[in-house]
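The data blocks that follow each hold one structure.
Here subunit A shows up in two complexes: once beside subunit B, once beside subunit C.
Let's turn to the complex of A and B:
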């Protein structure tokens, strides 16, 4: 690579963002716009006996009020669990669920209107724990009518290969653990916000803080009964998502419905408390897991029974259920492998996808059991892991195709940098090191909604001004995909980055991309962009070749020049553009990505399939105060195999962000509830680590050059979070000799264990 | 702004206070009170901002006696080399409040009179409606204990712990004139009415009478910054070997244990502390752990005396 690829590149929108010029959803204002405030349920599970709107309707400034019955069509990101409506109909399933929405001339008038609505509830039996939901109940008590056997189980996902349970029964070296994980939420900076407009040509435009414009378009079409071609979804600049904006949401349905109804622009922006209520974060999880090894330390079997607490609705839950199990097939070779995940409905905020989707909690369990195994077998935990790594260009028991794999380089890097071999096990009491590994998909090989189209298409446009515009539906949510599009076009065409601009995330003007989830964008959109830009190059070379009578294959595009090695041709980019457009004008070239056919033929074989997987190894160092139980994470060494860092600055940022986010879940973050009501629905009490709580980070980028990734690239946004949590837990063991089987590792839990151990 | 007032003298501030007849709040920085306003826990219409009043933010030290204007930002206290030299426990306490940005606005007087906190009270109005409100709000029951009489919300002032351990006094002014009293005497053992100052009174000065020969300070919280305290202990030993140990964050009022070091034992210290703290489960840090930490911290303090 000689151009922009592989160079640390600040994001193209960085200056706009830090100077306050960037336009987020809530920054959009339109003439005659009305504002929406939502009435939210004060009950966790109750029938709506009556809903009295008259006073609110008469309140000054109120323009319209809608309730669940007005928008009854269910929706959901997965077609198999469309179990949610824009507002509660007949009954509420969690505290904070939207019951009515008031549109008014000002937000204050809307809020005043909300206060004048009277609702009468008739309480129903509430289910706050998954254990309650696993039990049989009366039909009336069921949270959703569609669940089977009068239980509140949303999904049971189970896969078994080669009878792991039999191996575990007789295994000589076996570890079993019961793990418990609190729910955590994304904590993105920008709250949900959407503004919808009903246009003069009877079409709908919605500007929304979403990671998935395409799925929003599809769900809006269904809910509003509008054909797809009449819906335009635009994603503005986004202030973080982490999976928390990857569903279609009730407020998006509400503003769209209202704008169509009252023919005015309608905006809804959530308060921080509403963002917490909307949630869709990581599921509270309970895991019973067993793992066995032979005398040499080779893993012989793994089996897990997992219960995840889904909250009131489905969201991505079916996928989460599978990911909890299937994503344990790496980075170690395990032939006898099985899991069962049960996802329950409860009367709490719904859970969904969050960075590292589905695999973060079970990864903690696996890596803790491996650490316990190493300890009992008196083996170095790094050595034990190294004995078990999957090789590159291999396959897992569930038929995941492994291509590039830099896991050995990852563990070697952190082992060396942390001086593991000299320090592990030799630090004074209260001071410890821990290691863990992980792997993750580089994009789901299958789309959420089955279709025959590519997973992404990118258009590259060349015009007389010499500018390349990349048109992509990819949603930059802060991960830098817009910058990647620019880098790739600049690389392919040998031009400076400032010749390239982007038009993105607008379902009217940009070709379909499925969205920013499952760490798919770099791999899939990157490949499509590379293809589109190289098609522009091909067209230009063809025209120049004809005009200059030079074979097209001899023409090089580099440093803003177009030339042959013998310099018989040596023209500027602008001259080349002029030749390419002569008699033709501006043109557009297209590129697309479609995943190869992968995987087995059994039920559930599609879950976790990816064209490529990332790998990583992390080591953490902690200090534990044995008198107070306070744990201080002082340093984390992280090595992540992202195939090829297209933008090393962005990859480094993703790894550091993963360390910080993983630290939060490990140490202090927790969705706290009492009777279905969240106790800490604000950034003060929901404790995201501050800069002072964040350790030194040493980041190593490993480049295994994936054969199918763009320039060899794989994902870097989610994979790095998995090893963070267990590396900290394992370090606590090295420090004070106690196994932390529950997250977060709060001081009270550590102290309790230390006392029990004494 | 019609409801925002920024008088430049105490006299004007007091006359405004009288004019608004209880329908006002003073801003001494306002960093905390603003949240109460947002959460509709503070509904008075008028804001009387004390920041423009002259001479309320001065720091002076004469003969090891500190005079501190009540409107002195916490950040100024942290940056004062003189205060650090003679009253390091106060600097430690100020440093442990909130975050650097907040400390540029938040004042020492504001922190001394910071409102008591409870997990079930410091929430939005919608949240409180959901839970059914509480004694301190418009309900008739304590959401923590189920009791109908007492509110146990916690005094969370870190600087109060330090200044009480320093035996500091405050100057108060209202239309009847000026009074001075020890800081420790203004707090009441009640979560709702947590001090005995009348509505109109303005805290103007803080006087710290001595520089202790030994001091100790520690604050328990989940994160290293921002969080309100789950337990603060500030302790001093003066030249007469009187130990003053003040605990805060674990009861409705700061708890002072004042005794000659000669007669004090660790056991009696812990016993007094545990007996006087009305600690209930109204903080996100577990109750049992907070109680346990009272012992651990006091033990740590005790051991530090003899180093």
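Let's turn to the complex of A and C:
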């Protein structure tokens, strides 16, 4: 690589961001705009007996009021579970569900209008725990009418290979654990916000803080009954997502419907409390898992029974149910493997996709059981793991194709840097080290909404000014994908990065892309961008070759020059552009990525399939005060195999951000409820780590050069979170000898375990 | 509504505001200075940090009426000259930002801190930023950037 690829590269939009000039959704204002405030349910599960709007309608400044009956078409991110409507119709399913929305001249007038709406509820039986939801109930008590056998089970996902249960019955070395994980939320800093405009040509434009403009376009079309080609979804600068802005949301339906109805721009921005209530975060999870080994420490079987608490609606839950199991097929070779996940509906805020989707909690369980196994077998926990790694260019029992795999380099790096071999097991009481590994997809090989198109298309435009514009529907959500597009074009065309600009995330101008989720962007959009830019180079070389009578294959594009090695041709980029455009003008070239056909033929074989997988190994060091139970994470060494770091600064940023988020879930974060009401819907009581809670971080990037990734790259945004949590839990065991089977690891839990142990 | 005279980023003007209004809403909604971000609106995250007579305050907890007669400085007033402030420059260079939503608040916290504490240690810098929540970076590169800016300011 001679150009921009592989070099630490500041983001192309960083100056806009540090100067306050970057425009986020709520920063947009339009003439004649109205503001929306939502009336939210105070009941968890209840029939709406009456809804009285008259007083509100007469309130000064109120322009329009809508209720569930106005927008009755159900939607949802997965076509198999469209179970949500823009507002509650006939009954509410969680506290905070939107019942009515008021549009007014000012936000204060909208809020005043909301207060004048009278609702009468008739309570129904409430389901707050998954255990309650597993029981049979009367049809009237069902949260959703479509669930089977009069139970509130949304989805059961089960896969089983080679009878693991039989192996586990007779295994000599076996570990079993019951684990419990509190729900956690994304905690992105920018609240949800959307502004919709009904245009004079009978089309809709919505500017929304979304990770997936494509899903929103599709769901809006369904809900509004508006053809796809009349909907423009634009993602402005986005203030973080982590999966929490990847569903289509009720407020997006509401502002769109209202703008069509009243023919004025309509904006809705959530308060922080509303962001918490909207949630869609990581499911509260209970796992019963068993794992066995032979005398040599080779894993022989793994089986897990998992219950996830989905809340009131489906969201990504079907995928989450599968990911809880299938993503345990790496980084270890396990031939006897099985799981069952049941996702229940409950009368709480809905859960969905969050960084590390579905696999974070079960990963904690696997890595803890392996640590227990190593302890009982008197083996080093790193050695035990090294005996079991999948090899590169192999296959898992569920037929995941493994290509590049840098897991051995990852564990070697953190082992050495943390001085593991000398320090593990030898630190004084109260100090400990723990290790864990991880594994994640680089994008899903199958799209969520089935179609015959490639996963992504990128257009590259060349014009007379010498500028390349990369058009991509991919969403930069802070991970730096816009910068990646520029780096790739600059690399392929041998030009400085400032010749390249982007037009992104606009369903009217950019080719369709499936969005930013499942760690798909670098691998898929990167490949498409590379192909689009190299097609521009091919076209330019063809024209120059003709004009200069030089074979096209001898032409090199580098450092802003276009030349042959013998210098018989040596022209500037601008001269090359002029030749390429002669007689044809500005042109666009296209590149696409489509995943190879992968996977087995059994039901559920598609879940977790990816063209490539990332790997990682982390070691954490903790200090536990045995008198108070307080745990401090002092340092985390993380090594992640991202194939090839296209932008090492961005990859480090993703790994460090993963450590932050993993630390939060392990130590302090928890969605707390009482009778369906969240007790901590604010950043005082829902504690995300501050700069002071942040441990030292030592990050190592491992480059295994994936054969199919762009320049060898694969994902780095989600994989690094998985090992963080169990490495901390295992370090607590090394420090004070207690196994933490419940997250978060709060001082009271540690102290209780220490006392039980004494 | 009350008519108040405000001095923001060196420019004095009259504005009509509600008596209960915060300076955050006045800046964003009436003066179109949207660089100051509304993340929590309840004093928990530091995103709306601005300077009042040179001292950092939270815009969401500061009534606009309290800003009368004071010099208010927002993120838009920091780099109104030709080049970025050193704190901004190093945040860009070290990738001390990802989504960028907390960034204006970080800049407005770090600048007065370094002006008062040019020799701050890494731990002191960490402490000074403890009221600014960031969900993307894990803080490491923010702290690196502020440390590097301090070093360059001293030299």
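As a convention for this text, the second predicted complex is superposed on the first by the 758 of 758 C-alpha atoms of A that agree within 3 Å, B and C clash if a C-alpha of one lies under 4 Å from a C-alpha of the other, contacts with A are read in each partner's own complex, and residues count from 1 in each chain.
Just so it is clear, a residue touches a chain if its C-beta (ideal position, glycine included) is under 8 Å from a C-beta of that chain, and two chains touch if they have at least 3 such contacts.
The structure presented is a predicted model; accordingly, all values stated were derived computationally and were not measured.
Participant: According to the stated criteria, A:627 is in contact with first (subunit B), second (subunit C), both, or neither; which is it?
Facilitator: A:627: touches subunit B, not subunit C.
Participant: So, does A:677 touch the first partner subunit B, the second partner subunit C, both, or neither?
Facilitator: first
Participant: According to the contact criterion defined above, which of subunit B and subunit C contacts more residues of subunit A?
Facilitator: Higher number of touched subunit A residues: C.
Participant: Name the contact category of A:652: first (subunit B only), second (subunit C only), both, or neither.
Facilitator: The answer is second: A:652 touches subunit C but not subunit B.
Participant: Just checking: does A:40 make contact with subunit B only, subunit C only, both, or neither of them? Give me first, second, both or neither.
Facilitator: first
Participant: Let me test your reading of the model: by the given contact rule, A:747 touches which partner, first (subunit B), second (subunit C), both or neither?
Facilitator: first
Participant: Classify the contacts of A:690 with the two partner chains as first (subunit B alone), second (subunit C alone), both, or neither.
Facilitator: both
Participant: Output the subunit A positions appearing in both contact lists, the one against subunit B and the one against subunit C.
Facilitator: On subunit A, the overlap between the subunit B and subunit C contacts is residues 271, 684, 690-692.
Participant: What does subunit A use to touch subunit C in their complex?
Facilitator: 8, 10-11, 13-24, 26-27, 29, 108, 186-191, 237-242, 269, 271-272, 477-480, 649-650, 652-653, 656-661, 682-684, 688, 690-692, 694, 697
Participant: In their complex, what parts of subunit A are in touch with subunit B?
Facilitator: Those in contact with subunit B are residues 40, 42, 95-96, 271, 273, 627-629, 668, 672, 677, 679-681, 684-685, 687, 689-693, 746-748, 751.
Participant: For a test of understanding, state which residues of subunit C touch subunit A in their complex under the given definition.
Facilitator: Interface residues on subunit C, with respect to subunit A: 18, 28, 32-42, 44-45, 47, 74-76, 78-79, 84, 88, 91-95, 97-104, 107, 126-127, 129-143.
Participant: Which of the residues in subunit B end up touching subunit A in this complex?
Facilitator: By the definition above, subunit B touches subunit A via 99, 119, 123-124, 126-127, 129-131, 220, 222-227, 284-286, 288-289, 292-293, 296, 300.
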